[in-house]
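Two complexes, one shared chain (chain A), two partners (chain B, chain C).
Then we have the complex of A and B:
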């Protein structure tokens, strides 16, 4: 980088905290041994609450796993068994031999990743505009963007179907990406606007004084600082694309179908459902999302809560 | 501090104008008129034996593990015979009618479509289904099957697998309660007594896994007919009459006596029955494979026995609801060959029998029904004699809003079952709501 475009460190106003201080942080971990210092009764109640809440959250996941390991004729056995009496990996073996599922997986990855990237790209600029510029109609536009979330999706589906049909976009990735982005954009925009609000205007002003262009300010200063928010918005958009059923079923066609409709189509029939196979497939396909969440959860929490509290 | 954009960029009014234009364009696209319909031209041409072209065939069964091989074999046989390519299209059963409607309305789908006979009215209302009556001549379809695939007297589908929804029991459990499956009670009172005897076996057995969830409570309609309600007279809904109220009151009494169980739909009923926790339930022939697959009792298939639905008074005709699939032809590209395919799939003897061996669903031609393969199937034959023979269509199917009608009735019946209201008031309300939907 040349000397003329080198941006100096932003001045820190005496009365304000540094940008780094303003940036949202992940929730603080409980100090090690904090519970130990409480009275035994309180400690027991705290742990009991953790166990109950944890069990409440994890029991469905366990049931998913247990069902995937249970032979089909024992899925509804009575009384229900907490542990499969004759565990089998048949359902997973059936998955491995089903080429169609890999096609659905590929489509899901393509559509979700592009949706996430596109949503972040567009919402970053929109969010920045709403946060840092003042112009006529700004507030109306902000609420108009949000208003699109208030239409029933089924209603929008019919309209989108007709529009995509008219433009020959049905049964393409483009149709899915555009429709998913349509739904993720409002929330991403508002999420990122909240994040940009936490970035001091003085920082941007200082960069302008130093001669940085608007684009340079956005790309070299604002967006790096907003990385947690961008990741949170991207994850939200990714999950929206990954989980959608109705739009993927209607707009994608058999070749571009994603996992949710693909799994339903494959395992839920007119008269019966292949529960072990369905559960095994659900388990396998939820792993990438679960891993992404675990890896990025601190950004997600920080990004979602940014701007929630004015300080 | 705040940054400002030049005022000349976009005024609020201009932005709103642009958004309005965009919304208007989308609305116009949504309301774009569909192609005009024609009826019967392709069927007539197919009957005359025109040149074959590629076409699409949609069915919910293409991705079903048990049924897919049968459909793939039929398609392959036709492709080999006609020298064309058939594109298969599939949607999950529960989403099928909505997806097919959208595709047909949008002009995305033409060709042959596997449909439930209950949907024919709704699909025919779009004006894009072919009249296939020219293709029924000399193929041996039974009259009952042809009638099931008609709407408003027009042959909108060629019947493929026509049966009925009736009572199915586990003969082993019946015998434990000293009930002879071949001399099953014929009246409602005797039926109720038999249910009490079954309950007496204990062990948490559900005597009759009747539908009690709103999603499947449309099953009550056949009991209303059993009690003497016509449901509809012309365009007048009769629900709310004495017979319908009596039927619901009786159903509620079964519920209160725990002879039927709470929160049961067709899937639940199959599971309960497959596990030996229910003695009797309502199902169509398509459920046979499902209960056998889900059951730990590998011999369950031999214990299945279809039963005539009891009647109010001896001598009356047992009621059953027509169930089945047909192949309809959507007008447009490939429709002529699609119509020929529909005829082939539903009435070519070798094809039908090969299909029967895989799916076990009742065929629709006399020749197929009398074949050794079908006649040797005891359950299928008994089902046909005891249930399908006296089955009738749901009178609401002739209305395009039939699904909503069934839903409003089901919701009121459920309100009665959980004690929120009484049968008379509920049926009055259901009748009025249904009448509004009929128009």
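Then we have the complex of A and C:
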């Protein structure tokens, strides 16, 4: 992708802890100059944009929260109340007493955790091979891994269903874990390769001279040094499994279904949807992803753009 | 690095048993689990699905018969053009709209307005929630009887009566695009913000001293610097949206009357509700050919733009 070659490597992630607003930090004198140069018109335009686009981004989030706190009977009134007059946690209590949902939750946790572990292992080996060895077809294979995410999953499912069915893997965790792990490979392999690239070859040479086996070098030297990368890749893989809808919907029966299709089956299609409970459930489902992201944000933008920049 | 590795390799070879793996073999061994997964879950299903395009095959019955191009002809004579149009409307809508909103926000939050950092974090929320949650939320917002969208638009005097946004063929696609836009724009914002932070501020200051206004500087300095990342986010977003499934499927299921059906939902429905694997494969084949063609055209186009 030559369109991206002019991009400088790894832009600083816009995390709260990043010290500067502008990556190549100019001397203080120049910064002040830039500050003064923001004319009233520019400031007004910036504020107007923030209000309009920010409203589009955040009002639905507010509505999600507000609805989850609204008593069930108040939801079915028009026009809706923008501020719930008698906020209640009833919807969350109703979720807590729903055993079926706990079943979906258990499936989600099992599938996502195993996906995370397996994905880290597989992508670490693959990324290490790409990073520290040179062989024919290496670069082609790297791009093939990257390109594998281009293929539509709805199309893959058409035959995956038959394949898993033939091996008796329908309605199992295995089918979901294998699928999710594969779809995390493009990002995880490229991200981990980036981490391994920063580990000096001299370190590996030194261990070899000391007689460590190649597997031992990976497990005792390389992986511990790349721990932040492994955590980032693992969290990403966890989220991939957690958020998936169509694979769990198609390959897993009611027994093994994860939360996203489980929630659709539980709440959608009834005559009157229990909106406060559905919104409360939505909040609960989103929570692990938000936590994962906060833990991950230092690496996420770097990892996403790193793959893109080198591609 | 390669030479030093070869050196060590020879060094080792001289003192260890000859049947040990070479470095090359070891490297290939490390690739095996990943390659096996990619072959089993992506490559084989893809090829097999495209091959079924030439067979009459059911999801639930065993056996298949070769029918040549019959499936493809059937698909092309069916509502293929309508599917293509709807897929393009969805894909372009969900690529351009998030780009405009994300770019506007990135530019606004790259200034020194107060609270920019907090807002950058908060704006990521829509991108973080799972796709089904996006669908649930917008299903509720667009609800025909109690939806807040109707209340808002009526309050502003923009509609006279409450509308069933997701159940009317004329409005369903717009509603779905808006929901997907809400999910996508934060990613655009993050990528473009990262790009904006690489634009050297000295250039802006020099240009300003020479009397260039904000708009002029945007087109002369900011935009050329962002060309690479803009091209990249547009291409990736296009590829992703061309195959997007979740939000459309949960919000409308492709309806009403097929008005929000795209290639992704049509292939899924043909295979798993119509049990017609041959026709699903034919749709998929045409879909992939189109995607490849569009990507090649795009890459050519952007390369040409760069040469200028």
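Some notes on this structure:
Heads up, the rule we're going with is that the second predicted complex is superposed on the first by the 210 of 311 C-alpha atoms of A that agree within 3 Å, B and C clash if a C-alpha of one lies under 4 Å from a C-alpha of the other, contacts with A are read in each partner's own complex, and residues count from 1 in each chain.
As a convention for this text, contacts are C-beta pairs under 8 Å (C-beta built on N, C-alpha and C of every residue); 3 or more make two chains touch, one makes a residue touch a chain.
It should be emphasised that the depicted structure is a prediction, and the values quoted were computed from it without experimental measurement.
In the superposed model, A:145 lies in contact with chain C only, and not with chain B.
Contact with chain C, but none with chain B, is seen for A:49 once the two complexes are overlaid on the shared chain. In the superposition on chain A, A:73 contacts chain B only, with no contact to chain C.
With both complexes superposed, C is the one of chain B and chain C in contact with more chain A residues. In the overlay built on the shared chain, the residue A:250 is in contact with chain B and with chain C.
In the superposition on chain A, A:265 makes contact with chain B only, not with chain C.
By the touch criterion defined above, A:135 reaches both chain B and chain C. In the superposition on chain A, contact is made by A:125 with chain C only, not with chain B.
Contacts of A:174 after superposition: neither chain B nor chain C is touched.
Of the two partner chains, chain B and chain C are each touched by A:201. When the two complexes are superposed on chain A, the residues of chain A that touch both chain B and chain C are 75-78, 133-135, 141, 144, 158-159, 161-163, 201, 205, 250, 261, 264, 268. If you check the complex, the residues on chain A that touch chain B are 72-78, 132-137, 140-141, 144, 158-159, 161-163, 165-166, 170, 201-202, 204-205, 249-250, 254, 261, 264-266, 268-274. Every residue of chain C that touches chain A in the complex is listed here, in rising order: 1-2, 4-5, 8, 12, 23-24, 26-28, 30-31, 33-35, 37-38, 40-46, 48-49, 52, 59, 101, 104-105, 107-113, 116-126, 128-133, 136-141, 145-148, 150-151, 154-155, 162, 182, 185-186, 190-191, 193-195, 197-202, 204-205, 208, 214, 227-229, 231-232, 235-236, 239, 242-243, 245-246, 249-250, 263-265, 267-268, 271-272, 277, 280-281, 284, 287-288, 291, 295, 299, 302-303, 306. Interface residues of chain B facing chain A in the complex, by the touch rule stated above, are 1-5, 7, 9-12, 15-16, 19, 26-27, 29-30, 32, 60-61, 63-67, 88-95, 99, 102, 106-108, 204, 267, 270-272, 274-275, 277, 286-287, 289-290, 293-296.
For chain A in complex with chain C, the touching residues are 1-8, 11-14, 16, 21-24, 26, 30-31, 33-35, 37-39, 41-43, 45-47, 49-50, 53-54, 56-58, 60-61, 63-64, 67, 75-80, 82, 121-123, 125-126, 128-129, 133-135, 141, 144-145, 148, 150-163, 178-179, 181-183, 185, 189, 201, 205, 208-209, 214, 242-243, 245-246, 250, 260-261, 263-264, 267-268, 275, 278-279, 282, 285-286, 289-290, 293, 301, 304-305, 308.
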